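Each of the next two complexes has chain A plus one more chain, namely chain B in the first and chain C in the second.
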Partner chain A sequence: MSMTESDFTSARPRLDTVPAGDPRDRGGKAQPLLIVENLAKHFPIKNGLFGRKRGAVRAVDDVSFVILKGETLGVVGESGCGKSTLARLLMRLMPLTDGHLVFDGDPVEALRGLSLKEFRRNVQMVFQDSSSSLNPRMPIIDSVAFGPRAHKVKRSAARRAAAALLEKVGLSPAMFGGRYPHELSGGQKQRVNIARALALEPRLLILDEAVSALDKSVAAQVLNLLRYLKRHLNLTYVFISHDLGVVQYLSDRILVMYLGQVVEIGPAADVYSAPKHPYTQALLASQLSMDPGRRIEQAPVSGDPPSPANPPSGCRFHTRCPFSEAVCAAKAPAFGDAMDAAIHLARCHLTDPTSGHSLAGSALSSLRITAPETSAA
Partner chain B sequence: MTDAAALSVSALPAGALPRSRGYLATVRRRLRYDYVTLFFLLVILLIAGAAIFAPLLTPIDPLKTSMAFRLKPIGYRNFLLGTDELGRDMFSRLLHGGRMSLLMGVVPVAIASVIGSCLGVIAGYAGGKINTAIMRTVDVFYAFPSVLLAVAISGTMGGGVANGLLALTLVFIPPICRVSETATNQVRHLDFVDAARASGAAAYRIIFYHVLSNIAAPVFIYASSLISVSILLAAGLSFLGLGVTPPTPDWGQMLANLRQAIYVQPLVCALPGIAIFVTSLSFNMLSDGLRQAMDVKS
Partner chain C sequence: MTGTATAIPSVTGNAMSRPLVEIENLEVSFVTRDATVRAVNGLSLRIMPGEVLCLIGESGSGKSVTMRALMRLLPKGKTRFGGRVRVGDRDILSLRERELKSVRGAEIAMVFQEPMTSLDPVYTVGDQIAETVMRHEGCGKTQAMERALELLKLVRVPLPEQRLRAYPHELSGGLRQRIMIATALSCRPKLLLADEPTTALDATVQIQVLILLRKLQAEFGMSVIFVTHDLGVAAQIADKVAVMYAGQIVEYGAADDVLLRPSHPYTLGLLASTVHGQKRDKDIEGIGGSPPDLRALPPGCSFAPRCRYARTACTAAMPPAATFDGVTVRCYHAREIRENANAARATTVN
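This part shows the complex of A and B:
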């Protein structure tokens, strides 16, 4: 399968991935599977003995987006930008500071909405660290059967279902079912993790760096498995990774995060071919090329990201942006309607002709990236 | 992997899964070649067997005194290990005393393990204010040296086996609670607990299936090392006149009473001490061997 197989020339994301007549579908094709509104997670920084609150790390700050039925939403960004916190928030593994989720038209944990337990049945997660995500004292078949057992499925039925799932992810239940995690390789463990996540028949699967810890060849097998499973089980993926190549291979749409915020979101082909945010452009430029002639001599963005406890004023990227001007530090750029999945949005003054930035309105691809000025802090 | 391979469904006999070598089997296999641990396990089994079957093994009543045969040496007539200061048979008293010492060694640790690990797991899993409340309370008890605490508790409540057991149990709850809390805290932040939470399982279910199995080894190993401490503390209590009351034989009390006769029959007087030493050493060595055998690789 080549990388260019998924060809998204149309601006409007395809909805035909949603098969007609999924019995679990409630809101119809056009209803996004998950609406994320103003999601925020601030970790308090406590002071000394009495734990007075001194400030907060804004790990995820006012994040809104939608996930369409049947798509794969790729989430990219450098380390510490809040990708994993976002995953845990979507899974509701930690309390939200702010914001709410709407799953297929039903608000989560609201009056007349979906209960947390119901929500978690529909949304499952595959963790990055394949070894710590399996109980070392439990045979893997029981790890897979644990979720259904928690939902009152009989032991024998849960084990039979788990065996079928192991078969589906390419592990013979007769050979592997009774094994313990330390008897499996990294790729096999990740297959078990995928089987475990699928055991509750979820509709949305959050893959948090699911293949990042694997060897390239094994990662490719797991990616192909994920594609196969998505087709056959009507799944929707949120694929979180720092590996841009892998995200491009799998994703229909891309969400770029920087310092806890969404800086760009749009169809994968558009984001990869014509990024609108200088940060995305820099991320893409930082990808190593297979062609030695196109060797990168200079890092496209220098320095470390600023602390999310004390984010820069205005545009959060202005301290490292090659096109930074006074307006960037002064006011935060506007972001369009994040509820419309079809449009390609960027949180940058360059995209807004009225922003007052001298280069506003010009296409980013026409601008040459220069080394960021060190004084631009 | 191709789609075809993933699609191939082999007929699976329901419920019939060949199990791989489990955790306990691994531990057993490791122990089988650990001859030192096996030797001390054998010693403990011998001591326990001798204590349990003491009435069958000893022809002489351990409580029967005789002014004629006081402080006789080892092997005197039919007194296999001599007699004590009241002319009672030492062999018989040592075996019967072993019952009390093993009881005082094992029972408080067992009860404290259950209570202590319950508290520790709750504190470790809940975290936050519940953790603070439980652990700081436990710390108050932990701040006292264990001997002092045991003496204080059983001194307040008076002597007797029941009070001695209670005192020792209270002494061992804090350390076991701390060990299980630490172990729980480590497990709680691993991804498989998050995955279990994500599956919508209730807290008790996660604790039962995911936490307990992973903290059992450290708690068990630690508790087994406490058995020898408990035997020594019990001996200390009865040495001080707390705990077991005369004339019931008990190693600590025997040691206390015989110390006046140390210049008359040094070997006989040393016997209860040797018994305490050998028993607690064996439990220590056993727990050390178990620690190695139960070492997890995840």
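This part shows the complex of A and C:
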């Protein structure tokens, strides 16, 4: 299934209509677009004269989940929790230590499966730093046309498609096409990056902190653009961010990471209204209100996240968790079947009545971490 | 303490009612071969002793430059200043380099955004705190180290005795920022400048540092100027809020006035474009366009090209700062916006 010029121009969904069924869809609506199974990435820590391996940073450790067709999966977590490594693994930008990916029924890089090149045509990524992800010596229209050119599309057709894409992301090709990245503002550069990611007509777009470096007013414009493009191009998003407000606004489902593991996954409304994992609760309680009358008086949890090179035993959150007991340090909590997208799961002994934690099975609301606020004046 | 040349004679009145910081018509521009970048354009501001002021605005609005001007931490020779800056009894812009050295770190201290780049990687944190203490208080190393230990306890660093001997790379981001705060507080400054000190921190750590800063501010009774682009952070810590746009303060007032009842179209837009629980099926109401080029500012109100209220008067001359209901706003339509908002609020209540 190599890409020809004709399917590049004809299969493109029209902008003004929502495509009813995507011609590229193979397994139907119920089949996940991407199945991620037991994904792991360990970075070796080397030292000494001969670079002997001393240990490993388990940046992503046994992560399994599914991405449904047409959804936005929000990934949240603090720095160092493995969000960005996960994004790079999903695109296969680095070799996996373990695990495998299944894209719309086809195993990736397996016998009779999808080739890596074909997979990457379907999965594209927008990075956080809008300037370092563009070639400074290339006019932006050529940057956008670069992907199709690499996939053997004729120069004239690739440039035509690139011009149409620039138009779609709100940059006039006549005015901006010939400009170099340094002539654009941060928001404009991020629009170019989005256009470039869309140039191969991917079905899955991974957005790694795509609006985090932008000013609020510009980020709002880019978010609106992303919503618009998703509707009109039948896209599926993985939206990675540390900004809980933005993730809530965009996402259908939420995946929460802590020290390389998925600690909670579930439908966005459930995770935000009734978080099950104490870490998710703490993260939500740390969100700052915009009302000066509602100040947080006491931090929901103390301390910093531990180093991923040496994660705590058992439950990785037990060193900061107010509900921590001996069992939390001794035994890693079980995680349910993450292949079922409808279930709200948490990797915590509290949610498992058989775990041996004295509070296990108690009502969630009684165990919720909150941040005491000043009463409204 | 100070030479007569640096004292501003015009200021009278007792110390309590007198602002600690007075900025009058401050202008800062950077001169290069190709262009002059006008970063701050006629900014006036007063800060009372013990007051926390948040400067909010987007990148390039002049927040950090204003703050650095208070310590004159800007490249010599390339920076042109205009106006006056008084901190305590000193006229900062006319101080000599030697006098500045005794002010920096002692009377005015600063905490930067990136704790890793502002700490020296080859010295222990204890040495770095002690260095500041020895420099300004003229005491010996042993005494200075004792003071450093006290300071680490003050900023609630766990296991302070061990951390005193730690190098910056051995500490987490939150701890490093606590060390920076300890260093800044080492000489009990009257004015603390904090330039996005929590932006690089994770959410669960950010709130810890904000609460700490608030406690220390009250304990020390110092004034704080806090630069941030995060309105939530401003709501957490500020007594007063000043919103900056293109090198000017466009709205200034008490935190709840500005953040809950904004009067300037830019503040309104900033609040609307911050995502916090908006309906998922609706677009976010942002601000169209992008901030102006500081090399060639538009005539009149700098926000006019992006403003939905803009009329011809707006592009003719910069609106003067007008004060009403306790807020100071630079906008011809501010009164109208405020009255409309009040009317809308009244109807929703009834």
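Heads up, the rule we're going with is that the second predicted complex is superposed on the first by the 345 of 377 C-alpha atoms of A that agree within 3 Å, B and C clash if a C-alpha of one lies under 4 Å from a C-alpha of the other, contacts with A are read in each partner's own complex, and residues count from 1 in each chain.
The rule we apply is simple: a residue touches a chain if its C-beta (ideal position, glycine included) is under 8 Å from a C-beta of that chain, and two chains touch if they have at least 3 such contacts.
Computed from a prediction, not measured in an experiment: that's the story for all the values here.
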item	value
Chain B versus chain C as contact partner of A:S172, first or second or both or neither	first
Which superposed partner A:Q248 touches (first chain B, second chain C, both, neither)	second
Chain B versus chain C as contact partner of A:F146, first or second or both or neither	first
Touched partner set for A:A164, first chain B, second chain C, both or neither	first
Contacts of A:Q221 with chain B and chain C, given as first, second, both or neither	both
Partner chain in contact with A:A282 - chain B first, chain C second, else both or neither	second
Contacts of A:R121 with chain B and chain C, given as first, second, both or neither	first
Touched partner set for A:T354, first chain B, second chain C, both or neither	neither
Chain A positions touched by chain B in one structure and by chain C in the second	221, 224
Residues on chain A engaged by chain C in the complex (per definition of touch)	78-79, 185, 187-188, 215-221, 223-224, 227, 242-246, 248-250, 282-283, 286-305, 307, 371, 377
List of chain A residues in touch with chain B within their complex	88, 91, 93, 116-117, 120-121, 124-125, 127-129, 131-139, 141, 143, 146-147, 150-151, 156, 159-160, 163-164, 167-170, 172-175, 177-183, 193, 196-197, 199-200, 221, 224-225, 228
Parts of chain B lying in touch with chain A, wherever the complex brings them together	1-3, 5-6, 8-10, 12, 14-15, 17-20, 22-23, 190-192, 194-202, 205, 209-210, 213-214, 296-298
Touch list for chain C against partner chain A, complex	58-59, 158, 172-175, 202-208, 210-211, 229-233, 235-236, 238, 255-256, 259-260, 269-278, 280, 283-288, 290-291
